[in-house]
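This is the structure I want to talk about, given as structure tokens.
The chains carry the letters A, B, C and D, assigned in the order they are written, with residues numbered from 1 in each.
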Amino acid sequence: MNSIITHSPALLIAIPLFAAFITPLLSRIHRRARDGFVLIVLAATELLALLLAQDIYANGIRKYVFGATLPSLTHPGTMSIPVRIIFEIDGLSIFMVLISLTIAFVAAIYSSSFFKKEDGLDRYYTLLLLVTVGMVGMELTGDLFNFFVFLEITSIASCALIAFWVDRGESLEAAFKYIVISSIGALFVLMAIGFLYGQYDALNIAALANSIQFTFIDKVALVLLLAALTMKAGIAPMHMWLPDAYGEAPPSVTIAVVAATQASLYGVLRVCFTLYGKGLRLNMAAVGWTLIGLGLLTIFIGVTMALVQRSLTRTIAFAAVGEIGYMVIGAGTALAAGAQNFATVALKGGVFHIFNDVLDIGLLFLVAGAIIYATKERDLNNLGGLAKRMKCTTVFFLIGLLAVAGMPPLNGFASKILIYESTYQLNPIISIIAILSSILLLAIFVKIFYSLFLGPELPHLRDVKEVPKGMLVAMAILATLIIIFGLFPGYVLQTIVDPAVAALSNPTSYINAILGGA
Amino acid sequence: MIYNIPYIAVILLIMVGLYAVVFKRNIIKMVMGITIIESGVNLFLVTLGYRAGGVAPIFTNLPEERQIPGQLVLPIPQALTLTSIVIGVAVLALMLALAIQIYRQYKTLDVTKIRRLKE
Amino acid sequence: MNPFVPIDTGSGFWNPLIWVIVFIIALLIVYVIRGLGRGDYKKNTGQTKPFLSGNVVENDEQLHVKGGNVYWGFTEAFKGYYDKIKNMHTGDTRDYVLWFLVMMVVFFAVVLGVM
Amino acid sequence: MDETSKIIKTVSSVMFPFVTIYGLYVILHGHLTPGGGFQGGAIVASGCALLVVAFGSDAIAKRVKESQLSLLESIGALGFISLAFVGIATTFFYNSLAGTKFLFGKIPPYGSNPGYLSSGGLLPLMNLAVGTKVIAGLFAIVLILAIATRKKGGRSK
């Protein structure tokens, strides 16, 4: 048991990676065997992550050195800097890993029945597992170059998944836009890594954070990293790839891409709070205010654009853009506020909102997928009166829309109230805009709810049936999590969010875990 | 001064690549632009790893007069470059495959006409 | 650990338990008020049918307001804003890259100018 | 596309074994000289690409099925990850074969040496696995792209 936890950081990557390449072999034998295998693997990985999480909450940061004679041997021999690829897992990393794996698991359940009639699924599962590996790797790694590699794995695999429906021109177009923009972004990340390596001869995040001097080149590297990662996180006005990609991918892929976007946001947080964290109190306020401004812009553009969309998935995608703004505002407020008390509250809200957003938006996309599955239709003008035929789906959509619009007592409200109250202390205007946008979001989803489910039955939708059980189970998992998070927000905050926030606001412990033991 | 020439080449390559991505209408040319940016970044990494008077860190038939490990360069930038090249190949293949499929669906490679997704 | 811990927001608190209790009380009040209503209305007559300004509606589908029309007034009122913001979303891949470069310049200005 | 000339076909057939041998050399000597799995695999795959160009994608596609290539690719990837799992008793990716008496187990003396093929522990095996994956992967990419573009050209003519 103990040794499993010791090796779990590596296993979290290795098991899905191994499974990714077994699935094409398995699918030659039997379809169901492959689907079941993927589910078992993802469930096992999730379990492993939970075990690791428990250990981290009890014993603090865990590190894993690949290929060393001991998992904790960061400085072999007389080395003064850490060599080898090191995984460093603190509260924030494991928080993000839990998000990614939960979503991957739900996506696998959902796709096992969503794609029942389609071919080419062996590749699909390989890519889905690779996206999982990429996300988890980004979140676990303590090495900047390794971060880049996993970032690229995530973007390549998710691009291939977005183009899964190759017969739809829109999917191809979205995938092409996604790969162009993300490969350019990733190249600038690599450039920034080069700048930092050239200065400090290190790639380890902890070692770099320890020696960072805020020279001109460091600032250039910060700019490149920030620009590329905020773009990958979908912050306005660089959000335009996001509605395309979210809207045109198969819904089970979309939720994986949503989680991958959050992994990029994790990158932003890691860069701002840990890598450049030593000068946090002095220098980062300007970055914080920029992030707040961009966050407000993101919320505003996302929400207002969602109102005028005609495609169901695209509307939800723009709402997802808006939701990202809240997290960015939380992080930006924490940076701008410096040492004041509400900085932690803002950060708590922002970090908690990552999980909530993935659950809410994920549930909405799954419902959208169910509607597409049942009706083969995604134009809002051609849909209506589905409530009589698809009762469970209606309930799930109602839960999702209330959660995403931040209605009490669901989870969206719990994190948004933290953001509202802390930003109000920084500047009331921020929270007023945030609240108004949230109300507008509710209005949008009431509109969608009305045009999808209410009203009289439309003639071409008379023979619509409820979707298969697998999809309902996937939606039910997310809905249950939403309700649990909504009813016990204090408990969730104390258990998983507080360690994450503590890890962010205390970069020294991250540095000392690697360098202090030397 | 002579050591700075590669850095100038890096900037030029990235500028050329970005020019191709931003101003060319043919998506194959945009793909080329991305590849040129990638070459620029790779050149940057390799240049970072250059040390005057250093030799490659390979023990096989190393000249005897070289000091070990003093004059051997640390091969990390080269390793990074190689990884980046491998990733670049994957991205390139994916983008070209997408370009072929897009051409089948849209009957054009003009990026201004490949915009069913807007607003 | 007590699962019903309220969230402390620094200047206030949020406890869903209280919200749920209040919600249940409100439901009870609603139920009581509903019970006070009259039970002697005439079923299956004009009293239970929707009233649309006296117009006769023969087909159910005509009642359906399509998704694109629900907030027509709102979008019409902010037409200037929406025209601008729609023009921003060109759908051209090159513009996406251009926005990325613009934002990089903005970050440059912020980080190098202020820090 | 018309048939390529006899010269191209003959020269490619003659060149192909040499290119393949060179690629395999680069893969096998990856732990001694510059090169390794990816580079050698890319060389072999370029030899395969030469055949695709000379004989046309259809002729090659008849001999080599894309499913076979993807099987080979999966095997290569699985081999790599399994080799990484070998050292899991110590750490993931731990080179547990180095310093043992098995093949590739020899630890070469420190400093300049003529190069011992039987050294490097798991690294040569990993190079082989990566090489397999890269050969299969790149060949599949070249083949698929060639078939995809050819079909289009064929229809327009």
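Note that a contact is a pair of C-beta atoms (placed from the backbone, for glycine too) under 8 Å apart; a residue touches a chain by one contact, two chains touch by 3 or more.
None of these values were measured; they are calculated from a predicted model.
Out of curiosity, which chains are bumping into both subunit A and subunit D?
Where subunit A and subunit D share a partner, that partner set is B.
Measuring between mean CA coordinates, which chain is farthest from subunit D?
Comparing chain centres, C lies farthest from subunit D.
Tell me which has more C-beta contacts between its two chains, A-B or B-C.
A-B
Quick one: subunit A and subunit B, Cα centre-to-centre, how many Å?
The separation of the two C-alpha centroids amounts to 28 Å.
When the C-alpha atoms of subunit B and subunit C are each averaged to a single point, how far apart are the two points in Å?
Here subunit B and subunit C have centroids separated by 46 Å.
Distance between subunit A and subunit C based on Cα centroids, please, to the nearest Å.
About 24 Å separates the centre of subunit A from that of subunit C.
I'd like to verify one number: the distance from the centre of subunit B to the centre of subunit D, where each centre is the average of its C-alpha atoms, in whole angstrom.
22
For subunit C, give me the residues that contact two or more of the other chains.
Those would be 86, 89, 91, 93, 97.
Multi-chain contacts only, two chains or more: what residues does subunit A have there?
Subunit A, residues with two or more chain partners: 176-177, 180, 184, 244, 305, 308.
Under the stated contact criterion, what part of subunit B meets subunit A in this complex?
14, 21, 27, 30, 34, 37-38, 41, 44-45, 48, 74, 76-77, 80, 83-84, 87, 90-91, 94-95, 98-99, 101-102, 105-106, 114-117, 119
Given the complex with subunit D, which residues does subunit A contribute to the contact?
Listed in rising order, the residues of subunit A that touch subunit D are 7, 10-11, 14, 17-18, 20-22, 24-25, 64-71.
Under the touch definition given earlier, write down the residues of subunit C that touch subunit B in their complex.
86, 89-94, 97-98, 101
Mind pulling up the subunit B residues that touch subunit D in the complex?
Checking each residue of subunit B against subunit D gives 56, 58-64, 66, 68, 82, 86, 89, 93, 96-97, 100-101, 103-104.
If we count contacts the way the header does, which residues on subunit D are in touch with subunit A in the complex?
70-71, 74, 77-78, 81-82, 84-85, 87-88, 90-95
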